[in-house]
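What follows is a short report on a single structure.
Note that the chains take the letters A, B, C and D in the order they are written out, and that residue 1 is the start of every chain.
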Amino acid sequence: MTSRLSPSQMAWRAAQDIEDGAYVNLGIGFPEMVAKFQPSGRQAIFHTENGILGFGEAPPHGEEDWDLINAGKKAVTLKPGTAFFHHADSFAMVRGGHLDVAILGAYEVAETGDLANWSTGPKGVPAVGGAMDLVHGARRVAVITDHVTKDGKPKLLQRCTLPLTGVGCVTRVYSSHAVIDVFNGRFVLREKLPSFTLGALQSMTGATLHLDGPAADLVVPDL
Amino acid sequence: MDKTLPNLPTAVAGIRDGMTVMIGGFGGSGAPIELIHALIDRYVATGHPKGLTVVNNNAGNGHVGLAALIEVGMVAKLICSFPRSADPVVFTERYLAGQIELELVPQGTLAERIRAGGAGIPAFYTPTSYGTDLAKGKPVEVFEGRSYVQERWLKADYALVKAHLGDRLGNLTYRMAARNFNPLMCMAAANTIVQVSRMVAPGEIDPETVITPGIFVQGVVEIPHPAQEETLNRDGASYPEVAA
Amino acid sequence: MTSRLSPSQMAWRAAQDIEDGAYVNLGIGFPEMVAKFQPSGRQAIFHTENGILGFGEAPPHGEEDWDLINAGKKAVTLKPGTAFFHHADSFAMVRGGHLDVAILGAYEVAETGDLANWSTGPKGVPAVGGAMDLVHGARRVAVITDHVTKDGKPKLLQRCTLPLTGVGCVTRVYSSHAVIDVFNGRFVLREKLPSFTLGALQSMTGATLHLDGPAADLVVPDL
Amino acid sequence: MDKTLPNLPTAVAGIRDGMTVMIGGFGGSGAPIELIHALIDRYVATGHPKGLTVVNNNAGNGHVGLAALIEVGMVAKLICSFPRSADPVVFTERYLAGQIELELVPQGTLAERIRAGGAGIPAFYTPTSYGTDLAKGKPVEVFEGRSYVQERWLKADYALVKAHLGDRLGNLTYRMAARNFNPLMCMAAANTIVQVSRMVAPGEIDPETVITPGIFVQGVVEIPHPAQEETLNRDGASYPEVAA
């Protein structure tokens, strides 16, 4: 019985919601794994902030071309139909709402759809990258995140406590325990691990989980 | 994914009464004559679409293309920079008779407003038109000691675009100065419909030379050997053709 | 003795001030003739609003390509080093101040540098094109114009009476009778036809002509 | 007209203390390593230029390129979106010690501010950063029911740019994702200095495929086989090289 989804499993679940032909930006880190789990017969077109649309997977080790990288500075490859463009055109795609889906990581998500994923506070060197643009850049802004912090504290909250990345921007959360939509300022539970009762899940969540019909079982393959 | 459209009627089938339609081109160069004429065919057959707001740099020339669209009575309002041409009689007569509304926009502001619409920039400031009649009613702000006029984005329900090469993903190239407003309009419309002179397989367009990436395109129809407005006008053409 | 310069002669005079390698936009109409009169050994690079930099002269009749036109919709030709770009990039060149010289026609020029060249009033169909952008688009904004209207009325005025194209934008006027700089809200006479006295020229001008040293003779070839 | 520069020292000779310098690249891709190192050479030899404000997406990686420029102490302020990398120690130490100022800008806003600087747009509105700490102190305006933050243009005294092909008129192409900020910075700097991998004759670059038209470029120097920051870092390189 699964007690929590691995990052790969969360990525797999997120991948199931991506339509054939969708334009998708995957944030640096866990979200990048979503590309590996596209259901067969569907092909999304991936956008990266640094000016590539329609790139392919990583090249074999030793065959990297360091002029052909993604926003995480990892080497990628060409596919038929790839296009290059400069950074202003790239963010025109983002800010102009031309992406279908952006999938990001999160420190905290609020039931209002607020997202905090760029700063853990005033210590250290702040860095934002493209996160604040991406949260306004897609029809669907999804988050992949553990349901709770390493200390067991909820990451899904009534209000974020960390500096915001964007206000009211998240539309769906793929957590280690559930699939939750953000709708009209509320968390709406869509799927949960069968091994958790609603009550158990609620106790790990910092805001009320609403139901819109019964929550389906969150079932993913071993990965 | 395949954005290829089978024919011209399908390409223009989604345009409804009252929509805003951007039409590419500068004068005749880059004007999607076949798409425009397909739209006219639909109107002649069905009475729709009508009451369109059209965005173009000009207002048509002669009796083909945009001029013909105006002449058959489909256009309620035109947003353009230069409603003059070698033969502007169609627009001129309707404008002076009060039958068509005109929003006159300086050319660079028109281009930037369209780009802003595509880039998610709702407003920007430009020195252009400051202190002129065309700035009346618009907010003015001073930056670094100089006055600028606030302009708003332009978006459209549809864009009708002419390109040179295209692939089924919607990647496009253009031909010389026929590029003009076309790539901007691709960005600013909810539905961008493109006529290309030649469809090629994905990858045949060098990724370095793609001018419009496919993300900005919803449909592509191949029209080999497209008509040039300038050539049609020199031949005295009009559309729809009058039966002899 | 020349009693007035022809449009070709005004264009010739304007061409003498264009440096080698200058980026130049020539307005539709008379200003287009400036390109023909570049002094030998100098080569300007011409910009046209519809997205060409570095184009060449008109093709022979019958060899026009109607995808290769200038802002006046006249056919032009390619030269080695020509570049194509879209309309937003084209006006980035203009608005961003990347042009060295723009040369325009005029209905009226004021001693303040105000220019009126797009509308003769509320009658007819208004049309502005790129004029309002170009007047803010170059380090030098010059005007080629008859010194007086067909009715003999001054076109150089204290204040424009027609709708403005731009405020305080003109830096030099090449008229049919003189070369006049606009500086600190005043017309400064640089050159005049030798057949006209200062008094005669002043009587044709609607604002005071100031001197900054003696005015040179405006001498142009027969064209 | 010939914008060709004979060598690297000449290329960077005009940069003076306190200037704002845009440096192209996203991480190592498109970073003009040789131009940056030439600037360091000048500083090592003469003590100038110093007190620079640098605009780049990042803050350097390892001990070469931008990181080296910071390490030798030439940079007073950095305007960037993401001052992290595989090896960010140089910037991190100086930042935490209060020795370098940081202006953090969201990446799309940074790109658009640079484009605006090149396009004569002093300010624009973006949804990005609305409601966040990075919007503090900036004007907010509502358009069509949604809130937007006003952002200002960014310009520079110099841009240091890496391109692929170039001609003596300054026309440029780039190589794959090494394009990134480079074409924008060409537009936004009073003096744009470009290192190209290969100089070609005017006309050898197809006019349809010119990415940066020469009007945005002031000088071009040919650097065949330019170094890649990523490769240098994997080799443990540092600049200036420490005598063994």
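What to note about this one:
Convention: a contact is a pair of C-beta atoms (placed from the backbone, for glycine too) under 8 Å apart; a residue touches a chain by one contact, two chains touch by 3 or more.
Keep in mind the model is a prediction, meaning the values are calculated, not measured.
Across C-D and A-D, it is A-D that has more C-beta pairs touching. Computed centre separation for the pair chain B/chain D is 36 angstrom, with centres defined by C-alpha atoms. Centroid to centroid, with C-alpha atoms defining each point, chain B and chain C lie 30 Å apart. Annotation for chain D: residues touching 2 or more other chains are 112, 115, 119-121, 126-127, 174-176, 207-208, 211. Contact of a single residue of chain C with at least two other chains is seen at positions 84-85, 88, 91, 94-95, 136-137. Chain pairs that touch one another: A-B, A-D, B-C, B-D, C-D. On the chain B side of its complex with chain A, the touching residues are 1, 115, 117-121, 167, 169, 171, 187, 201-203, 207-208, 210, 213-216. For chain B in complex with chain D, the residues that touch the partner chain are 112, 116, 119-127, 141, 143-144, 146, 148, 152, 173-176, 206-209, 211.
Across the interface of their complex, chain B is touched by residues 48-52, 64-69, 71, 73, 84-88, 90-91, 94-95, 114, 119, 124-133, 136-137, 163-167 of chain C.
Chain D contributes residues 26-30, 57, 59, 81-86, 88, 91-92, 95-96, 102, 104-112, 114-115, 126-134, 174-184, 211, 228-231 to its touches with chain A in the complex.
By the touch criterion given at the top, residues 20-21, 23, 43, 45, 47, 53-54, 78-85, 88-89, 91-99, 136-137 of chain A touch chain B in their complex.
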